[in-house]
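Next come the structures, one after another.
Consider the two complexes below, in which subunit A is the common component and subunit B and subunit C are the respective partners.
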Partner chain A sequence: MRIAGYGFRRHSAYRAAALAGAFTNTVFGILRAYVLIALWEARPGLAGYDIADAVTFCFLSQAFIGPMQLFGGGLELSGRVRTGDIAVDLVRPASLQMWSLADDLGRACYLLLLRSLPPTVVGAALFGLVTPVSPVTWVFFAASCALGMVVSFAWRYLMALSACWVVDDRGTQSLSLLMTLFFSGMVLPLNLFPGWLGSLAGALPWSAMVQVPADVYLGKRDVLEALGFQAAWAAALLALGALVTRAARHRVVIQGG
Partner chain B sequence: MVRTYLLLAWTWLRASAQYPGQLATMAIGSFAVNALDVLAIWVIFEHTGSLAGFGLAEVMFLYGSAGLSFALSDMLFGNVDRLSQHIRTGTFDTMLIRPASAFVQMAVDRFGVHRFGRTAQAAVVLGIALSQLDLPWSRAWMIPVMVVCGIVIFASVFALGGALQFLLTDAPEVANAFTYGGGTLTQYPLSVYGGELVRGVTFVVPLAFVNWQPGLFVLDRQDPFGLPYGLRFAAPLAALILAAVAAFAWRAGIRRYRSTGS
Partner chain C sequence: MIEVDRVGRSFTVGRRRTRTTVHAVQDLSFTVEAGEFVGYLGPNGAGKSTTIKMLTGILAPTSGRIQVAGLDPARRRTALARKIGVVFGQRTTLWWDLPLKDSFELIRHLYKVDRVDFRRRLDELTGLLDLAGFMNTPVRQLSLGQRMRGDVTAALLHSPAVLVLDEPTIGLDVVSKAAMREFLRRLNADHGTTVLLTTHDLGDIEKLCRRVMLIDHGRLTFDGTLDDLRATVPEETSIEDVVARLYTDGSVSP
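The block that comes next holds the complex of A and B.
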């Protein structure tokens, strides 16, 4: 908890940058909303959404960019692998993974306030977004967001540690960006994907970052099943991350000097 | 100025050629990330035959021509958006005392082959769209004109975004809303967007002249917003005016620039 608090405070030093990000997310949200409106005007009721649902989805996905760190990065870890500081982190008595997770959740909570609320408010003012009436939905939505953040962290943690094996991690980072943007629902809602592509996208972990929380918010998906799906991926990726951390501990050679 | 640019670009290229593997992955990565946009357009057209009155080949044409303009101007001038980074670290001061234009140095900074990825992707899309559309020469002559005007317009937007960073050094992302936002806006036919937004990008920030107005001429289409026919040929004029404004803003920015001292 305390580390999460530090993460929150550390990121609050960059208020202007976060607000600028919120502005950019809002502009892109408006542009993307128009494209989705045009599509849903041509095909009303497509994929079980109406126009208001589609626009809400669009602004929610813009709002998730900050907290879920959809464009990758966000962890200092990959820089520390390159400089070799990771060696110090690995011998610390606290678990590297849990430490980074707490720090990352602090960051996510801060960005949720500064980068997610403004685009959503502007979107609601311009287009009128769907708001769930039942407080239970809000509770489930909050849980779903939190699980999404954990899945996002667990994935980025794996990507960051991959730098222990491949010297230049920019290749893996750009591959990860590609998968995240496309399979999370950022580019288009996943339920638009045709046939097998749709089922594949729905089963992959990235959908837990945008599509699943948005569907929970819109009430389009069985809540318990959705949360279970996210929790399963979070557990799987965190477990994999723990294994990789152990492997990294054997792998890293500390050079003297 | 052009000579300085080419010389510096060549220097950066030789520097980046020291790591050929990295270069290739980055070029492929940028190609693939942008290919996602096309995939999105394809998914949309899986569900509908026309989007805001335009068919798949027409949307691909508008996407490809704007994408080519954007990619080329991003390749040539896009680095200007790193100005705030240079101001904060103090490296911008070094550029100012060198005997070459600061704008050219900023634009060419870290010029690399990976930036060809996006250009190649847009060119492929445009090529496919043109082969589908089968346009007569009496209208196709406009295509090179609009691509060149588009480059000038986007380059001016990049320069304006750079100039903005003299004011907003801590918040460089604001400029992205206009530069990359402009790139995204022009990917789809403007008839998708609301009338007010379209009038804004026609008469205030002339992004409509990148591909929309000249594109209507190439595709021989009615303007859904009923704007005058003559606007279809106004792209060069709009590009020149915006370039003049951008040059003025950049100079004003440099004049009021004060070093951070670091």
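The block that comes next holds the complex of A and C.
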């Protein structure tokens, strides 16, 4: 908790960057909303969404960009592996992964305030978004967002640790970016994907970052099943992260003098 | 306090066709008793940092056995972390964007230091290292000398029995260097903290270390007092020249 609090404060040093991000997210949200409106006017009821659902989905996904760090990065870890500063992190009496998770959740909460609220408010003012009536839905939505953040962290942590093996992690990062944007639902809602591609996309971890929390918000999915799906991926990826951290300590040259 | 028994660490480098094994450290054995102040010398690439990484549990040795403060570092890394302090002179353990005092507060939580002990320890270190003037400054705005004092404080807040220093005076001006040395000398004398120091600054060694170990090509080539070290090359007068001779000639017989 305390570490998350400091993560929040550390990132609050970069308010201008967060606000610039919020502005960009808002502008792109409006652009995407018009594209989706055009699509749903041509094909009403597509994928079980009406126009209001689709526009709400669009602004939710824009709001997730910051906290879920959909464009990758956000962790200083890979840079620290490259420069060897990771050595400092490893002499602390804490699990590297849990420590980074706490710090990253602090970052996510900060961005939730600065980067997620503005586009959502603007979207609601311009288009009128769907808002759940039941407070229970809001609670489940909050839980789903939190799980999404953990899945997002666990995935990015694995990508960052890949720097231990590949010297420069830019390749893995851009591959991860592509997969995340496409399979999270960021580009298009996943339930638009046909047949096996749709099932595959729905089963992969990235859907836990955008599609699942958005569906929980819109009430399009069984809540317990959705949260269970996210929790299972969070647990699996964190477990893998723990294994990879161990392997890194045994195999890897920590760079620098 | 530190026992190193026939320890080796090798790395495989290169791609499939050109794969070779580099022995960073080979058959290394030494013991450091509680309360000793030991200098650990060696040319660049000799295996000093690899040794330190193994002693602190960051790297697992490929062979041999290590015990620090009664623990196997690679297996009990987090338990060991509470008993040792580590300073990497070229890196910082502090948080770039936070004021110094917040970094310390975070470290208090990480190391689970009791609030009262923490207060007392921090007050003591603040006085000794003269930190009061920049406690509220974000770390990124500190000068190197200030940052290094902050780093040393951070490494000592949990009152470790062993302090491992990797080039703690690198880049410091003469005044800061003298202050840092005086602080380390007193820490060792007053608190009985065991100190292992690697440095390229032989002034550090002359002022502080009763015992010197020298490593070259991953092997221990000298282990004895400063006077013994001088005696290995009697015709040289300055310690710098003695060490330079030892680095270039390779092995010596103590």
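What we mean here is this: the second predicted complex is superposed on the first by the 252 of 257 C-alpha atoms of A that agree within 3 Å, B and C clash if a C-alpha of one lies under 4 Å from a C-alpha of the other, contacts with A are read in each partner's own complex, and residues count from 1 in each chain.
Convention: a residue touches a chain if its C-beta (ideal position, glycine included) is under 8 Å from a C-beta of that chain, and two chains touch if they have at least 3 such contacts.
These numbers were taken from a predicted model, which means no experiment stands behind them.
Peer 1: Will subunit C clash with subunit B on subunit A after the two structures are superposed, or do they fit?
Peer 2: Aligned on subunit A, subunit C fits beside subunit B.
Peer 1: Of subunit B and subunit C, which one touches more residues of subunit A?
Peer 2: B
Peer 1: Which partner does A:Leu200 contact after superposing on A: first (subunit B), second (subunit C), both, neither?
Peer 2: Touch status of A:Leu200: no partner.
Peer 1: Of the partners subunit B and subunit C, which touch A:Leu177 in the superposed model: first, second, both, neither?
Peer 2: First partner only.
Peer 1: Looking at the overlay, does A:Ile3 come into contact with subunit B only (first), subunit C only (second), both, or neither?
Peer 2: After superposing on A, A:Ile3 lies in contact with subunit C but is clear of subunit B.
Peer 1: One more residue to check, A:Ala239. First (subunit B), second (subunit C), both or neither?
Peer 2: Neither partner.
Peer 1: Applying the touch criterion given at the start, work out whether A:Ser95 contacts subunit B, subunit C, both or neither, answering first, second, both or neither.
Peer 2: After superposition on chain A, A:Ser95 lies in contact with subunit C alone.
Peer 1: Mind working out whether A:Leu46 is in touch with subunit B, subunit C, both or neither, as first, second, both or neither?
Peer 2: first
Peer 1: For A:Ala142, decide between first (touching subunit B), second (touching subunit C), both and neither.
Peer 2: neither
Peer 1: Could you tell me the angle at the CA centre of subunit A between the CA centres of subunit B and subunit C, given to the nearest 10 degrees?
Peer 2: Reported to the nearest 10, the angle reads 100 degrees.
Peer 1: Return first, second, both or neither, reflecting whether A:Thr24 touches subunit B, subunit C, both chains, or no partner chain.
Peer 2: In the superposition, A:Thr24 touches subunit B alone.
Peer 1: Smallest separation in Å between any Cα of subunit B and any Cα of subunit C in the superposed model?
Peer 2: It is 12 Å, taken between the nearest C-alpha atoms.
Peer 1: Of all residues in subunit A, which touch subunit C in the complex?
Peer 2: Result: residues 2-3, 6, 9-10, 13, 84-85, 87-88, 90-95, 99, 249-250, 253-254, 256-257 of subunit A touch subunit C.
Peer 1: Would you tell me which residues of subunit A are touching subunit B in their complex?
Peer 2: Going by the criterion above, the answer is residues 14, 16-17, 19-21, 23-24, 26-28, 30-32, 34-35, 37-39, 42-43, 46, 168, 170-171, 174-175, 177-178, 181-182, 187-188, 192-194.
Peer 1: State the interface residues of subunit C toward subunit A in the complex, per the touch definition above.
Peer 2: Contact set of subunit C toward subunit A: 11, 13, 44, 49, 53, 56-60, 74, 77-79, 81-82, 84, 86, 88, 90-93, 95, 97-98, 102, 106, 109-112, 138.
Peer 1: Under the stated contact criterion, what part of subunit B meets subunit A in this complex?
Peer 2: 19, 21-22, 25-26, 29-30, 32-33, 36-37, 39-40, 43-44, 46-48, 50-52, 168, 170-174, 176-177, 180-181, 184-185, 188, 192-194, 197
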